[in-house]
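Letters are used for the chains, namely A, B, C, D, E and F, taken in the order the chains are written, and counting of residues starts over at 1 for each.
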Amino acid sequence: MSEAAELPAWAALLTATLVLIGAVVTLIGSIGLLRLESFYERAHAPTLGTTLGTGCIVVASMVYFSVLQTRPVMHELLITIFVAVTTPVTLMLLVRAALYRDRSEDAGGIPGPDHS
Amino acid sequence: MSRFADHLLAAPIVVPLLAGALMLLLGERRRALKAAISLSSTFALVVVAIAILHVIDLPPNRAGSTGVYRLGAWPAPFAIVLVADRLAALMLLLTSVLAFASLLFSLARWHRVGAHFHSLFQFLLMGLNGAFLTGDLFNLFVFFELLLAASYGLALHGSGALRVKAGLHYIAINLAASLLFLVGVSLIYGLTGTLNMADLAIRIPAITPENRPLLEAGAGILGIVFLLKAGMWPLCFWLPTTYAAAAAPVAAIFAIMTKVGVYIVLRLWLLLFGVEAGASAQFGGDWLLFGGMATVAFGVIGTLASQDLARLTAFSVLVSSGTVLAATGMGQVAVTTGALFYLVSSTLGLGALFLLVELTERGREPGADVLAVTREAFGEEDDDEEGEIGVAIPATMALLGLAFIGCALVVAGLPPLSGFIAKFALLSAALNSSGANGSGGPISGASWALLAMLILSGLAALIAMVRAGIRTFWAAPNRTIPRVRVIEMAPVAILIFLCGILTIQAGTIMRYMRDTAEVLHTPRSYIGNVLPPSASEARGAGRS
Amino acid sequence: MSTSVLTASLLMAHGLLALGMGCAAFRMLRGPRAQDRVAGLDALYVNAMLLLLTFGIRSGRSLYFEAALVVAVLGFVGTVALAKFLLRGEVIE
Amino acid sequence: MPQEMLLIAIVMLPFVGSCLAALLQSNARNAETWLAGATALTCLVLVSTAFPAIAAGGIIRNKIEWLPEFGLDFTLRVDGFAWMFAVLITGIGFLVVLYARYYMSPTDPVPRFFSFLLAFMGAMLGIVLSGNLIQLVFFWELTSLFSFLLIGYWHQNAPARDGARMALTVTSAGGLCLFAGVLLVGHIVGTYDLDRVLASGHLIRSHHLYIPTLLLVLLGALTKSAQFPFHFWLPHAMAAPTPVSAYLHSATMVKAGVFLLIRLWPALGGTDEWLWLVGSAGLITFILGAYIAIFQQDLKGLLAYSTISHLGLITLLIGLDAPLGIVAAIFHILNHATFKASLFMAAGIIDHESGTRDIRRLSGLWRFMPVTATLAMVAAAAMAGVPLLNGFLSKEMFFAETIETHNGSLLDDALPYIVTLASTCTVAYSLRFIRDVFFGPPPTGLPRTPHEPPRWMRFPVELLVLACLVVGIIPSMTVGPALDAAVRAVLGGDTPEYSLAIWHGFTPELLMSILAMSGGVALYFALHGYLLSGVEGPPLLRRLNGQRIFERILVFLSWRLARRLENLLGTRRLQPQLRLLVGMALLAGAAPFYAGGFSTGRPVSDIDPGFALVWAVGAACAIGAAHLAKFHRLAALVLLGGAGLVACISFVWLSAPDLALTQLVVETVTTVLLLLGLRWLPKRIPEAGAMGWWTQMLQWHRARDLTLALCAGAAVAALAYAAMTEPVPDRISRFFVENAYTQGGGTNIVNVILVDFRGFDTLGEITVLGVVALTVYALLRRFRPAAESVPLPEQQRIQNAYDDEHPERATGDTIADAMTIPALIMRLMFPVIGVVALFFFLRGHDLPGGGFVAGLTMAVAFILQYMAGGTHWFEARLRILPLRWMGFGLLVAAGTGAAAWLFGRPFLTSYFAYANVPLIGPVPLASVLLFDLGVFSLVVGATVLMLIAIAHQSVRSHRAAPQTRGPRPQPAPRRMEVE
Amino acid sequence: MEIILALGIGTLAGSGVWLILRPRTFQVIIGLSLLSYAINLFILAMGRLRIGAPPVLATRGVGDPLLYADPLPQALVLTAIVISFATTALFLVVLLASRGLTGTDHVDGRERDS
Amino acid sequence: MTRLLPFPLVSAGLLVVWLLLNQALSVGHVLLGSAVALAGGWALAVLRPPKARFRRPAAIFRLSSMVLADIVRSNIAVASIILGQGRQKRTSGFVHIPLELRDPYGLLMLACIITSTPGTLWVDFDPAKGVLMIHVLDLVDEDDWVRTIKDRYERPLLEIFA
């Protein structure tokens, strides 16, 4: 926190805004996890955090550190890339697992494997 | 100490580490080579231990000689030091001798029964030696974990339902205890700011009264951990089952494991809470005394109640460690002297007995059926396990019987082996606080209790051993004579022979023990050697 | 002024993200199905990662980046294992 | 031979002979006899040569330093009393050896017998020649041991085993008491040296510990001598071969007890306590033994009770506490040894030649073995105290001594009548021994036809009977000098005048003898009919079986009670043990505050709401995990991950980025690990409707555990809070902060500590990891899954079944479809994660990271591929050989440390320098990097080994599935490739 | 902050202790894991709480101990983490073996008779 | 070339990752990074993943920006659904989309796009039939979704991955 004082106002405000937006979006996603009704609906919710939430905060971090260290700080980008690449894996597998579990238990509203 | 001798102190840890690591690179089938490496490493440890003992015991500065090895050449209270005083040197030698015997025994059969026996064995030795040598509280934790981890592996060596069931308890309890260890160590660090044992001894008297309960809580929790390892009642119930279930050579080397707990109690309690510890002096001494006695009582009950020889032996381990704990709790140099002698004697005797039990019970091994089931399931892996179990050597039963008598005598504390001398020394010291030339003054209640305890435990051990011995050797005329190999009898004979040597050379050995006890009870020389005054002035400075 | 705005917003972000963790934790606790719990854990990881990033901004040192990076790179492994377990009954076939 | 060496030779020779005897062939009866006989005879000769030196009251001593710190020296000391015993031991020992040559059957393994016998002889000599009380106890216990082995010689017989065990138990217990008593003597006197103890009688008797000391010593002596109430073991020891009985249970071992009483009489005797304790024990034993002996139907049983009785007599004499009593006691010891040994041998001959020892079956043997009969008659007469035989002389002395007034009590006055009555019994059983065996009609139905024994088997009996006669007729010329020397050695200046003549005139004691003699004859004939009726054991006391009482008590104490107590005081269950551990730790942690009070300092930092919220989540996860772990394992696992994540966040918050990093990676690996294990655990469904007291029991257990858990949590929290708020002490870590860069060459202080300042910890820690991996591997090679875990998991069966139902699909298509895209991504992540691992590895010394995190990250990369493609798929492409990684890692780490030796520096001394590489600039070259490489390599190897070892079980388990289910297409069984 | 951390550690420890006293092996292993989290934090706490002062030297030179959190407990925690990871793995395998050999996941290798 | 650099794009990516991680563009790091990238390529080659065939980098760029915009828009849409739930009726459901795309990397990209866009969820793809099943949070018209996916995402991907 000690070094935050050296930051120009625009950067501070930009960072603040981005961080807040990111946090709010992520929170909304989490609330979705809480409020949506079925598993398949709830599975959509965290995507808010992994996309816009992460994006905003990563950019905020990049802006903040770049200004602070007066050089381009880019490594936060890696986080976005890795999150974007790995989220599909977890979601695909998880939803598929849910699908198979529901099918084997004949839960209602789940299209069977032979649907075409 | 010479430079060569200086580096000698690291050898008990580095040698088994290198041997164990090297054997990881060798394939499963190269057992002969592994056995050779393991045996040479263990033999080297015996030699090293003798050398260290020799250096420590060298005149003229006999009583106060302590070897200090500053790892990484960093100054003492900050980084880790290895400290070899008389007690550590003694334990090193005891460990290596017992290890050599166990290893030799295992070469007949046991080392083929599971994977990586030799590596595990070497790592166990590394852990044991490290625990004996280290002068740092947290490093002690690490070596404790190492020796425990290796002991888990060895306790499970050979698998089977019995071992696994016992191992599960053993591991669960020790894992919980390890966590307590961490609580204790970190609490002590948080209050004193140091981990070095000698430094702690300096800082503890200066702790403020507000902090003292916290420090004592930390020390108490640590104490619980060590007493658990030492097998103090009521924290000892895991021990008989685990030891009885373990493979013979493993159980034999385990005979030293409770002694690690006892060793740490001797080392730390006398160093940190000796007479010079200020307000905390003698903290917990009564607990040691009464806990030790309760342990002996429970051990005695267990020996009497045991149906099989292995369990009986395991309970005798409790009696042994309870005796040393109680004797330590009396806090007198002469009693500690006797306790040290007793420790060595009973460890050798119990080690021999554990080996022997397996030989005598060989005809009717209870785990055999379990092994058979496993073999059926995964046949091709254990094909050569049975192999050449042995040619029956002539007069096997007579030799086994003789060895059994020897072990029983050591364990029960009867003449002519060292058990008697040990009990005599303990009792003589307890009754006459300064050797035999006591003035006939009053005898403390603790001494009476110790007297009663040793006499009764000896009697109980005798009754139990006789019962078991008769059942094993006399009452079964038609039993098949176990097929025993010379390589299995030899270690037993060596250990019993050593007990005989202890008896004959009692004078010389007891002198060493007395010097050891004196150094333990007046740790100033230990502290002075680890933290020489010149170095403590230059504390801020790094290595030269 | 701008500094205090930033500070306040970071503190607020901590709070919001922690609340988000709370929501995720609720899902982990309540289920009802195993997949809900796993999804909750995954969301918890994402929230935690963002929390670590904002903490890095707040501290002004980039020493905390690696922790966030580890969540990004390896956080999914646990979830994958859990999902695989649900899907197949074992993690490695 | 110098006299000092002489003593050592006397004690050592039997032991040497014992070792040699053990080495001979098992059928070498003659060689054994020669060896043992020569040993005994040599000892006898050596002992004899010492007589001139001790005859005049001299003492030969030899002291070898043994344990000077504790006042134990190996001291051999012979005076007249010890000399007499030594002669007895060696002389009768020689005769017994000779006798045993003919007694033992050719099928008996004789080396054992003679070896033990000689060792016993040595131990016995050790007792009598000890000049140090501890040393005496040392040999005392040895005699118990060897007598045990000798009694149990025919251990195939249950009575031999039981008799041996009982003898050992009783005498060893007594020996231990003696040990304690001797220790107390040492405590009082300040030495264990016999001479100084004997000279300190006054000091001992006036000491406040006199009574316990006396009691303990007496317990030792009376058990050994089979005195009431410890007499019961002796008859059962008759299961031993007869030579053993003749030697141990008449001449030597049982005499050790009375030896000790007489030996210590100057130090302990002369008090009322002595008189009452020793005297009454002796008196009761004397009467009881004599009474029971009459009713024995076994020859050896009769002799055994007779021995008990005679030892009681001797004890009574000692207990009378008068010098003349001691004289009589010593004399009777000598006499009893001669006639009782010969009687035992005679009984052995009868047994040997006729095949039975049952008095009821024996009869009229005079006709078949007149010489033996004559010898036995003379010996029995000596036992009965017939004049002209040695027994008469000492009995006269005894009677005379009972008439003397000692303390004037009622008992003292009644004593002459009582002993006369007892002597009547003695005469009666002696007569019975003669008449029922040798006279009367010829025996019928004996196992063998009796005849005289071999010449040399009878020889010892002849010699001993001759001694009885000679001593009985010309006592002063034969045993006079020896007895005198013995008496003087004990009594010293107090030696009274005594006369060894046969005829002292018409004295009261003569009257007593006549009364006893005639009464005995009358008693015998009165009881004759009753005795022939064949009932074993004495009337009145038949139900009172000492042995059975002893066995009952022993079994109760040492078995039933012990087992009950073990169950009460111990447990074999895990939960109580953990409960105890937690409870004890709580106690140890809380007790100091009870005394010192609980106080805390002031918190240093303000509460951050974000942190509080995060911890609310953490706490919820922890409690949730605790709640769900029984029935919802996966949920518990997920919640555990949540709690771990909160811990990671705390690490970050509290300035520990390295910890957060490590914990995060460990989290991941642990999750995979536990999931791998979950497959092998049984399904657990909440059981409905457990009820009744069992439920309540459960409730009570749960309430108790909950209390314990709450207390533990509160205690840990309180300790943590109190310690955190205390002022910071001067910490050794100051040194690390100051020197991390200047001397350690790194800016990440934690890493410098790990690889340099405290690299030794790290070395140990990675070894732990390696060891655990090895254990896991070894254990899993023997892994046997539970039956219901063996088949494929339900999910796979359903999915495979679906594939099988559809002709266009191949088995496994479902999962292949599901995994196509995720697996591709996971594959692509492989090099990426590797790069991240390398990144962590290289920067660790300066920034968060290091070998451990790197290694774990790398391991995760491997595991991810296993998850993506399965075991077969991955191992077809890449073999990791984790054991190599581990071995390499450990060797590199240890080798880096050991390399410092080459430069004469201590183990693990680090080195670093910058190398200037063109284009790139200075590149740090640090030995710690190499060390860290070792860490990295080991961590990769160990982690992968553990995970793969578990994963392999899925592949392995199928082939272990019961074959009865019919063939199934299975992957070929393959060993785990890790080497 | 101290109070929050202390309560957090207490909750973890309490939950862990509750679990290790349960009869099922899986409960015990989860309990041990929770306990080890608690203990790791406890060790860290013994170095006192510092926020925003990671022990990474900001300048290459002699470090000022006042500027940095105590690095030693962190090093200890790292060692403890590794060891508890290892032992967790070991315990898992032993409980699996026990389950396989005894047929139950009860910690005593057999169901208690009721 | 393929032996040395079996996956040039992956290796290039790894180099970028390395440089980003180290936040350095020094010669040393470029050299080290290149070595790392090469080794990474070989490591990947060991696992034998399918070979990728890329064309038309411009299309990639266009697709990316479109996806980014979609993601932001969907974020807002889903956020409003979450916050506004209860006030309006909304149905969610599964949609089946027949695909022509078969290239694994193309499918991979599509999966990433669909999962990364809030409101749509990749559920199942049957390679034999070529039918993709997705889950849609706010399902108004099934055919509308089929069209959107095919037009907006599948076609560009078909261009990129032949």
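Criterion: a contact is a pair of C-beta atoms (placed from the backbone, for glycine too) under 8 Å apart; a residue touches a chain by one contact, two chains touch by 3 or more.
Not measured: the values here are computed from a predicted model.
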> Quick one: which chains contact chain B and chain F both?
Replying inline: D
> Between D-F and B-D, which chain pair is linked by more C-beta pairs in contact?
Replying inline: B-D
> Going by CA means, which chain is nearest the middle of everything shown?
Replying inline: B
> Distance-wise, how many Å sit between the C-alpha centres of chain C and chain D, to the nearest whole number?
Replying inline: 59
> Centre to centre, by mean C-alpha position, how many angstrom separate chain A and chain F?
Replying inline: 16
>> Averaging over Cα atoms per chain, report the distance between chain A and chain D in Å.
In response: 68
>> I'd like to verify one number: the distance from the centre of chain D to the centre of chain E, where each centre is the average of its C-alpha atoms, in whole angstrom.
In response: 40
> Taking each residue of chain F in turn, which ones touch at least two of the other chains?
Replying inline: 17, 21, 111, 124
> Do you know which chain D residues sit against two or more other chains?
Replying inline: 572, 574, 578, 582, 608, 611, 637, 653, 657, 678, 716, 719, 723-724, 728, 731-733, 736, 738-739, 742, 758, 761, 765, 768, 772, 775, 779, 782, 784, 794-795, 799, 818, 821-822, 825-826, 828-829, 832, 836, 847-848
>> If I count partner chains per residue in chain A, which residues reach a count of at least 2?
In response: 1-2, 29, 31, 43, 45, 50, 73, 75, 78, 82, 85-89, 92-93, 95-96, 100
>> Per the touch rule above, enumerate the chain pairs that touch, sorted by label.
In response: A-C, A-D, A-F, B-D, B-E, C-D, C-E, D-E, D-F
> In the complex formed with chain D, which residues of chain A make contact?
Replying inline: 82, 85-86, 88-89, 92-93, 96, 100, 104, 113
> Can you list the chain C residues touching chain E in their complex?
Replying inline: 58-61, 63
> Which residues of chain E touch chain C in their complex?
Replying inline: 52, 54, 56
> Which positions of chain F touch chain A when the two form their complex?
Replying inline: 17, 20-21, 23, 71-72, 75, 78-79, 81-83, 85, 92-94, 96, 111-112, 115-124, 129, 131, 133, 135, 137
>> Taking the touch rule as given, give the residues of chain E at its contact with chain B in the complex, in rising order.
In response: 20, 25, 28, 32, 35-36, 39, 42-43, 45-48, 72-73, 76, 79-80, 83-84, 86-87, 90-91, 94-95, 97-98, 101-102, 107-109
